[in-house]
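Note that the chains take the letters A, B and C in the order they are written out, and that residue 1 is the start of every chain.
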Amino acid sequence: MNASQTQHFFVSAQELADRFNGRVDGDGSVSVRRYMSLQSAQGGDASFLSHARYQAQLKGTRASLVVVPDAQLARSQGLACTLIVTDDPYLFFAKSASWLLQRAGPPQPQASVIHSSAYVDSTARIGDGVRISAQSVIEAGVTLEEGVQIGPGCAIGAGSRIGRGSRLDARVTLYSGCILGERVLVQSGAVLGSEGFGFLPLSDQSWIKIPQSGGLQVGNDVEIGANTTIDRGTLDPTVIEDGVKLDNLIHIAHNVRVGRHTAIAACVGIAGSAKIGAHCQIGGAAGILGHLEIPDFTIIGPMTLVMSSIEHAGKYVGVYPMQEQRDWEKSAVLVRRLSQFRKQLKQTDGQDS
Amino acid sequence: MNASQTQHFFVSAQELADRFNGRVDGDGSVSVRRYMSLQSAQGGDASFLSHARYQAQLKGTRASLVVVPDAQLARSQGLACTLIVTDDPYLFFAKSASWLLQRAGPPQPQASVIHSSAYVDSTARIGDGVRISAQSVIEAGVTLEEGVQIGPGCAIGAGSRIGRGSRLDARVTLYSGCILGERVLVQSGAVLGSEGFGFLPLSDQSWIKIPQSGGLQVGNDVEIGANTTIDRGTLDPTVIEDGVKLDNLIHIAHNVRVGRHTAIAACVGIAGSAKIGAHCQIGGAAGILGHLEIPDFTIIGPMTLVMSSIEHAGKYVGVYPMQEQRDWEKSAVLVRRLSQFRKQLKQTDGQDS
Amino acid sequence: MNASQTQHFFVSAQELADRFNGRVDGDGSVSVRRYMSLQSAQGGDASFLSHARYQAQLKGTRASLVVVPDAQLARSQGLACTLIVTDDPYLFFAKSASWLLQRAGPPQPQASVIHSSAYVDSTARIGDGVRISAQSVIEAGVTLEEGVQIGPGCAIGAGSRIGRGSRLDARVTLYSGCILGERVLVQSGAVLGSEGFGFLPLSDQSWIKIPQSGGLQVGNDVEIGANTTIDRGTLDPTVIEDGVKLDNLIHIAHNVRVGRHTAIAACVGIAGSAKIGAHCQIGGAAGILGHLEIPDFTIIGPMTLVMSSIEHAGKYVGVYPMQEQRDWEKSAVLVRRLSQFRKQLKQTDGQDS
């Protein structure tokens, strides 16, 4: 439960500029404690201009420091406070705000801190600086490397391993026999390593379960959103490579592989054994059927269903365009009748198209 | 875990009619303890007729009391039990059944009751009549106002505040620095205030996280369904206004605003910074892209993707019509070829359309 | 947290063949401890060939035992290890691997085992061989039949009943007044028996809640995936019949009935009061609107919205076909203009179609 548990430490504009490659315009000794939006900032706050098109928001901000792409533009809007000038204010913000938040947070413990209400099996291996919060459960043979933070109410299954510097927020489940890399962030409610959906039909039309004993391997620098679920593999592990970013409420089925630095928006479902390349971007609520391959650098639109493997990287979309209901009713009827419609056209045309 | 923990207290038909504006037809001294459906009701149960089209269900019910829109209609179906006559039996049911359930539940404690297995930080402020269930975690600086009920296994992050009379069911996460209003109901597994999905691409095609330190503000009389997730804002808070109703498994991204009394069905995803008006109704599994605006009183159909801002309130739908698979295969091929198809038409027609 | 907590016990090829109706080809005394994929298997591992089209994977496997449909085919790929020959290697694998995993797991306790950090109300009835893991909460009047396993961090509401041999993984919520059958498996994060989404609009455009006091009845041999939610009924219970299989992140609303042995893939949403027949298969992310009926043996494609009742069993699909974005933009514009397009065709054609 890290966010916002902030005590505030002030830092000067000059120090920020020096650390993150900006140039001060104005009084570099001005000090700030945190970033706020241009509208909400007060004295002691920093802010930034993400795009020139929002420059009207510069007027009337009460921020003590604003990061901008162009001092002249800012001054022309009447901005009198200290500026930091940099090519990419958004990137400057991202880096410096992370640093500020980390600096303001509680100091990292040297020894490990285990809350008295947590249950930690005696065979678990707990590294230096590990924090285990209240009501968590760490089962037999778990390894938590240096600096791992386990939020309240987590359940870490037998024999799993979490790499150094990773952070699990409140109420995360990691099933047994799973491996998380270093600096992984798992948000609250995520379930990692559950059993995949594998059944065979029997002759009486009931189902027999295919046992799911493969594990889950998550690489370094992966982020996993709230209430997202990732199933373990059937025999070999499900694999999430380094740098993958997963939003909330995503389903990743057994035996899937997601390539490094691929980003997947919320509510996406990926069926079993699909292989997603590296550096892909999957839009929200998209679906990917099982056993498909998607090449590196592919972009899938939101709410689009990928029904077969994709040969070439590109941008792909499949969305029924929204209309007012009465118009949709007409178009939907005609979509259903397209093949009949086409026959008519052929007759009119007198030739086969 | 409130529902159904009912001891039953009986109440007379006359008292129900008096309290909720109905008129008794028959013996007003008949007593009932709860509502059941017409088919399942037994002696001592009340029931109701929601629509005249279900009147055939009146036959053979064993309910002791039935709420109906029209006594004559009910008697014509041979119903001999006590009736309550009211213009809107469904509304009468909603109000009186809630009252019955509340009356049958355990009495509200005067002092606060904290389960011995819960962990409550010594700096938390706990109002009168607060109930904190087993295995919950209340972190530093949390405020729980009068009458708040925290279910088992919840995690309430540092500095958050929950308004009077709100109820969190089992295993809810509220991240730090979030504010819930009064009489808010949060169902099990919901995650409120998680970090939004914000990343910038670096030149090596990896991602840098945009820190998410804005909070979450939820108004009064809001209901949030099971396993729904709402992300905190980046700098300013994500806002859910008074009276909003959210079903299960909904995703609401950072910086979204949902206007008051808007109702959102299950499995909907709303991307970052979208502004949804008041009194809207969003159908199940619909999607709303980021940075859009939707005006008050807009209705979005189920599984419809809103890809740009909507100018005028209305009903909007975008759904590919379902067909038998062999017919769908034909129509889907032709949808893909519509622009080619159109060219043909133009040639046939001899003019540009 | 069962999967993979395996100590390994070895079993001979001959014993496996005898138990599960296979025929040994080669040295039947060879012993194996577990199944692995053909690529990952090492000495001491079994593997299997699921389809003849994967026969190239037989080359170079290091498995000690491979289950195949045809010995000659396997030997022709140069496979020298022991074989088990059977008509359906996948089914042989499913049955024998489940048996191996169960055999390798911890022995079933005779007496019940309740972790010291769990909270179990004194009025709960706990059968023989029940295991209740750390940090779980068992409320008043709960019944856990013989051999039930409750994972860490679960919350079981007052008066609920779980049938013999059922297993709840970590952090499952069962609300009060719900019934689970025998041999039910509920994966982590699932929420069962939450209150349905029922509201009536008042004249001031706000909503009044319809109380949800019906329960939930889940039959025998049901499997429920991670973070899936099933709402309780309004008056009568929501019903999940015997043998139903539900994947992750599914939403099942109040008053729904799902018929026996129906299988539902991940991310599906089923709205209130829908009746799904037996032996249906619902594809991932499909949606089913409320108050519909779907007959037995119906197959619904992925991401397909069922908007009205289905009369005849069959395969139904409704998916906008994915295209490269520039092509989609053209087709989507024309879909919207289909009715105008049709008028043109009529004019060209000189007759009403």
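As a convention for this text, a residue touches a chain if its C-beta (ideal position, glycine included) is under 8 Å from a C-beta of that chain, and two chains touch if they have at least 3 such contacts.
Given the structure is predicted, the values throughout are model-derived calculations rather than measurements.
*Asks:* Rounded to the nearest 5 degrees, what is the angle of the rotation that puts subunit B onto subunit C, matching CA atoms?
*Replies:* 120
*Asks:* Interface overlap for subunit A and subunit B, more than half of numbers shared or less than half: same or different?
*Replies:* different
*Asks:* Could you give the separation in Å between the centres of subunit A and subunit B, each centre being the mean of its C-alpha atoms?
*Replies:* Chain centres of subunit A and subunit B, defined by C-alpha means, are spaced 26 Å apart.
*Asks:* Note the residues in subunit B that touch 2 or more other chains, in rising order.
*Replies:* Correct list: 117, 135, 153, 171, 189, 227, 249, 267, 285, 303, 319-321, 323, 335, 341, 345, 348.
*Asks:* In their complex, what parts of subunit A are in touch with subunit B?
*Replies:* Its residues touching subunit B are 1-6, 34-37, 39-40, 90-91, 93-95, 97-98, 101, 115, 117, 133-135, 151-153, 169-171, 185, 187-189, 221, 223, 225-227, 243, 245, 247-249, 261, 263, 265-267, 279, 284-285, 302-303, 319-325, 328-329, 332-333, 335-339, 341-342, 345, 348-349, 353.
*Asks:* So in the complex, the part of subunit B that touches subunit A is made up of which residues?
*Replies:* Subunit B residues touching subunit A: 117, 119, 135-137, 139-140, 153, 155, 157-159, 171, 173, 175-177, 189, 191, 193-195, 197, 199-200, 205-213, 215, 227, 229, 231-232, 235-236, 249, 251, 253, 267, 269, 271, 285, 287, 289, 301, 303-307, 314-321, 323, 327, 330-331, 334-335, 341, 344-345, 348.
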